[in-house]
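Structure in structure tokens, see below.
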Amino acid sequence: MSNLATLDVSQHPNLPQSSQTLFAAKAQKQLSFEDISKQIGRNEVATAAIFYGQAKASPEDIVNLSKALGVPQEQLEQQLSGFPDRGRSVEMPPREPLIYRLYEIVQNYGYAYKAVLNEKFGDGIMSAISFSTKVEKETDADGNNWAVITLRGKW
Amino acid sequence: MSNLATLDVSQHPNLPQSSQTLFAAKAQKQLSFEDISKQIGRNEVATAAIFYGQAKASPEDIVNLSKALGVPQEQLEQQLSGFPDRGRSVEMPPREPLIYRLYEIVQNYGYAYKAVLNEKFGDGIMSAISFSTKVEKETDADGNNWAVITLRGKW
Amino acid sequence: MSNLATLDVSQHPNLPQSSQTLFAAKAQKQLSFEDISKQIGRNEVATAAIFYGQAKASPEDIVNLSKALGVPQEQLEQQLSGFPDRGRSVEMPPREPLIYRLYEIVQNYGYAYKAVLNEKFGDGIMSAISFSTKVEKETDADGNNWAVITLRGKW
Amino acid sequence: MSNLATLDVSQHPNLPQSSQTLFAAKAQKQLSFEDISKQIGRNEVATAAIFYGQAKASPEDIVNLSKALGVPQEQLEQQLSGFPDRGRSVEMPPREPLIYRLYEIVQNYGYAYKAVLNEKFGDGIMSAISFSTKVEKETDADGNNWAVITLRGKW
Amino acid sequence: MSNLATLDVSQHPNLPQSSQTLFAAKAQKQLSFEDISKQIGRNEVATAAIFYGQAKASPEDIVNLSKALGVPQEQLEQQLSGFPDRGRSVEMPPREPLIYRLYEIVQNYGYAYKAVLNEKFGDGIMSAISFSTKVEKETDADGNNWAVITLRGKW
Amino acid sequence: MSNLATLDVSQHPNLPQSSQTLFAAKAQKQLSFEDISKQIGRNEVATAAIFYGQAKASPEDIVNLSKALGVPQEQLEQQLSGFPDRGRSVEMPPREPLIYRLYEIVQNYGYAYKAVLNEKFGDGIMSAISFSTKVEKETDADGNNWAVITLRGKW
Amino acid sequence: MSNLATLDVSQHPNLPQSSQTLFAAKAQKQLSFEDISKQIGRNEVATAAIFYGQAKASPEDIVNLSKALGVPQEQLEQQLSGFPDRGRSVEMPPREPLIYRLYEIVQNYGYAYKAVLNEKFGDGIMSAISFSTKVEKETDADGNNWAVITLRGKW
Amino acid sequence: MSNLATLDVSQHPNLPQSSQTLFAAKAQKQLSFEDISKQIGRNEVATAAIFYGQAKASPEDIVNLSKALGVPQEQLEQQLSGFPDRGRSVEMPPREPLIYRLYEIVQNYGYAYKAVLNEKFGDGIMSAISFSTKVEKETDADGNNWAVITLRGKW
Amino acid sequence: MSNLATLDVSQHPNLPQSSQTLFAAKAQKQLSFEDISKQIGRNEVATAAIFYGQAKASPEDIVNLSKALGVPQEQLEQQLSGFPDRGRSVEMPPREPLIYRLYEIVQNYGYAYKAVLNEKFGDGIMSAISFSTKVEKETDADGNNWAVITLRGKW
Amino acid sequence: MSNLATLDVSQHPNLPQSSQTLFAAKAQKQLSFEDISKQIGRNEVATAAIFYGQAKASPEDIVNLSKALGVPQEQLEQQLSGFPDRGRSVEMPPREPLIYRLYEIVQNYGYAYKAVLNEKFGDGIMSAISFSTKVEKETDADGNNWAVITLRGKW
């Protein structure tokens, strides 16, 4: 049986109602984000971001999510029609160890990234909005697993 | 004339003495991190991380940095011989807009990353220590530049 | 179908009851703030500010809102009769990326604004109360959209 | 005698060395930002932002500033050649009343701006980087002065 | 019709139950604090402070409030019999602009008050408990209104 | 011998240079703020506020302060010519007990003031800028001293 | 009629269920902590600490509290059987003025206590656990009341 | 050789200059606070509080301290003549374990003290200014040492 | 009768639903963590960590917990199937005195641990994930109890 | 060449002067804490804690440190004679990743430790003062290194 990410609403009171709807259906259907992402044609992280209220679902996403999850389309339209109120899912600094590791990377490498980016691109900024990201799994010759996260933002 | 990242010590009172030494030599030699990284055989971000006191310089790094920057080897050995006291270069939340964008990615996508990573790898964590990272520049068909940051950590 | 801003009350527990009433009616009537602002004769930002409990609705506003939204006038009178308890809609620093950008402008340009204002007006202050603000949309020759926000405060 | 914005370095230990150089010359030459902005061909707020280390001076800006302020060009080149480490001039929340008023506008109107911007532009964000801003002075029929601040950011 | 201060309980979850009782009765009776203060023989600010749970109501206050507001005396006795748990009505720093202005006065003039008080009274402190305060309205020759707040504390 | 407020610069590193100049002269001349305020024709609190860098000294104030304190006028002109960078003298919440008592009054009575002010003046705000304040000493029949602080702000 | 401390649960959402049970019974029986402390044979502060969930009730305390308050013993056993989760009753810094005064004593005299204790006892610490405390009332010749708090901790 | 409390100025940059003077003399004379307190006729904690800049030295204290410590009287008069800027010696929450234990007592017993004090004295407050405190050492039958701290404040 | 750790849900609103289920069953069965740990074959701290939602329960753990506690297996599977959202049980800094002592050890000895670990292992980090921990009780010759906590993490 | 922990004073401005003295001598003599601990007869962590100003050096420690490090005994006596002002070496939350891992263990396992300790020992606390700790290195069959930290505190 595969691993499935779930949502315990009592631990996330700041998430929108849509999060509860989507995660409940995901748990009942026993679908992974990989399964869902294939059905709605978006990558896994973007799919999960919709579930956590961090990305806007397009009208097609809503149709596809309705099919994939068996949730009435009108319900999703109502709950997902607004604009995401981003930034409410993680309290900073993050207390979750896995998320803290990403925070720590920013804390430790922040100026190194800035220096290299400035030298490569000049003054400016990497957008966190015109932006895509993905997660991949690599296994090396010794059988160790490596998580590879790619961030791609417009300069 | 190329862009060069410099250090204004008065803005970074918490950095180690080595940062001042290294950045002063870099400015005088007019070397980019790309230049230096080639001479010392490490990637650019890791090179910059040494400059900001966030990564340990190996004995070979010290030899190579001494040559590349024209700083006496003994001086570098003395200033770089200890163990890095990581985490002092960026005050969190970051006030620098470019670094804030990375922080914002963690704030917005943190749980999405966790959910996808857990489903792919099971319970566990991506190391921020057995870890490498790089920055690349892409230019798309419309001439837009994209910054691509890759994080690769052992699970 | 046009974009409509909605309110997910579960994400805004600190807003007054009137916010819920007004946003629910707006969603049901499928009205944009532009639509409503025309019916009540105020600009869009001021209209939205009433919805978020940040501006006082005058007796005429209440009459007009009642008509525009189909909410009984007495209900609005009861919920909007008090004085706004301003400042509760955004937690600072803002986590919402769009609002954070405005915060960042204050963080980065704050002293530049002060210096220029002081040189133009002498010692004093720009009121945030005897104050009006508006949002406009511009499209340049290349088809890029620009958001233009104007702040006008009594000195 | 006109009003002149000055810098008391002892109150701003986090600003770069260039700030001290530029403000000292400005005070000695008794130049307002309006004077300087005309000589360097940028608007007043952008000029002040360079003084506070919040904007990058281009090579031409450096040449022009050198002339306008009577500071040796090499000194400016050295102090202004790096990339700005933005965000260090204002501690948030701002304690300066004039700057606080801008902060308060974000606190009170943040979601109103977001709602109106989303309805006008769809999901997205107003850039704080591809961005310009200006300050103007208006005097109404009753002789009252009004400060008008315009923010214009790419969507 | 006069202005009436009301309480939206959903915005003040930390206030005692008595606040809800008192404000609900005040709204129903359409009484201002001036009206009530005359009936209970205390000044307006002290009256409002009882409503916000910041001052202790004496047995006579309870009798008088019961009459003035039409609330059963036993209910008030039960809800007001304890000792006030002061300090819970305002979150500091205050987000409400009007209250923030008072906070700002302390922030800006704090040491000036201390210096003048010490020179007038010697070492010591002005009590915030053996203390009375009042608000008055003045209108000057030009028709401008001025709010005058007086603080009187035992040294 | 009268009580004299002094300044220990080592405890106030954020104050402007003028504070050190003014307080040093005040200590040497053994002048109270009452003495100085009479010589420069402003009230005591305003006088002290200039010393702490919280109020702008007019050209006449500078002439008068120069005479009263025996400090060269040019020195004062140079140090006092800029615009005050208000808000840096007190760290909030205040740790000094006397100043904390004022802070506590805002914390406890904030909403009571707001409610009474709104009922008296309608929606709006009391200015902390078009504002004057004074401190008086009263002695009651029992010989107790009372400090009376009056705040008067334009509505 | 004597003064009685009560609990308004809506202001203390972090207290354990036992607090509500105990305070409700105390209010109904109109018992002071002095009354209860005599019946259960502990001092008043320790008794109040049990009510606020800050001290563990022994089996005998539970029997005695049941008798004194008329609460079924099983109910108390269930609610008081666990180990106290101390530290949740006061948010620091305290907003309640009376409790703040104690906090202020620590803030002002902390190092004075440490210096005197170290000189008297050598290096070490005063336990806050092997610890007892009491409150006494003294009235001096002028009729003034003094509160005397004694802290006694093992070194 | 007895234990002596000393001051490492580098760890206490916020203390007044008098602290450095007094502690340096104390170290050179090898005097405990008990020794000094006897010579100046105040209790030990009050004496230490003067050393840490938390209590005002009277003219007689200055004379006596000058004799006891061998510091020129004029130097002490100059450094101690102002009014103490209390509250700067301890950063809250305290990091020093011994001082933290006192803080913890306030955190845990704060409401218990308030409840008992209110029941004994009615509504009001214990002064932290009309206040005295002392430290005593007790040794019990088992040879254990107990630190006894007494706080006595006017109600 | 043995001591039993219980959970008062009202004090821990951030814990997952499984915590309530598990602690309720533990209280009803009157089982200690030692009892349960023996039945499920894990050490006591790991067992307690599952109860607080800080460790992932394996499928076998769920089977064993179901038996030990008499909770239906499906209920545990549903509530424990997700990935732990770690870090929500303790608010930092900890207010609970016992937990604070551990925090204080990190605060005081943090750099000492780092220095010794770096000298023993070189640059790197002790994992908090590939990690086990246990608690033991020792009684010395004088009858004193000592708590021994062992942390064992992969380097 | 062995690894040696060093101190870059510019990164630790809050440490006592003794830290600089001790670390400078350690670097010059090229001694590890293991070396020094053997010479002074204390364990490594306690030795390092003295270097960081977190533990009191006894008179014998001073003699031994003087010999081991070649620092004049009088200098050490002067700098180490006071009582440690503990808690200033680590800013919490720790930014150093290695120290953060220990902090994270407290954050995640805090209540689990408390529950198990309470069940084993009853109500009470583990002392962080009557306390010893050590670090050991283990290598498992696969050649992996494990850091083992033991905390032993009196109950």
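Chains: A, B, C, D, E, F, G, H, I and J, in written order; residue numbering restarts at 1 for each.
The working rule: a contact is a pair of C-beta atoms (placed from the backbone, for glycine too) under 8 Å apart; a residue touches a chain by one contact, two chains touch by 3 or more.
This structure is a prediction, so every number in the text was calculated from the model and none was measured.
Chains that count as touching both chain H and chain J, per the definition above, are G, I.
Comparing A-D with the candidates H-J, B-I or H-I, the pair whose contacts agree for more than half of the residue-numbered pairs is B-I. We define each chain's centre as the mean of its Cα atoms; on that basis chain D and chain J are separated by 47 Å. Separating the centre of chain A from that of chain I, both taken as means of CA atoms, is a distance of 29 Å.
Averaged C-alpha coordinates put the centre of chain E at 25 Å from the centre of chain F. For chain F, the set of residues touching two or more other chains reads 3-5, 83, 86-87, 92-97, 100, 104, 107-108, 114-115, 118, 123-125, 127-129. The chain pairs satisfying the stated touch condition come to A-B, A-C, A-D, A-I, A-J, B-C, B-D, B-I, B-J, C-D, C-E, C-F, D-E, D-F, E-F, E-G, E-H, F-G, F-H, G-H, G-I, G-J, H-I, H-J, I-J.
Interface residues of chain F facing chain E in the complex, by the touch rule stated above, are 2-5, 32-34, 44-46, 48-49, 51-52, 54, 86-87, 89-90, 92-94, 96-99, 101-128, 131, 133, 135, 137-138, 144-155.
Within the complex formed with chain F, the chain G residues making contact are 93, 95, 97, 100, 104, 107-108.
By the touch criterion stated above, chain E contacts chain C in their complex at residues 3-8, 10-11, 94-97, 100. For chain C in complex with chain F, the touching residues are 56, 83-84, 114-115, 118, 123-125, 127, 129. Taken in their complex, chain C has these residues touching chain E: 13-17, 79, 81-83, 85-88, 92, 128-129.
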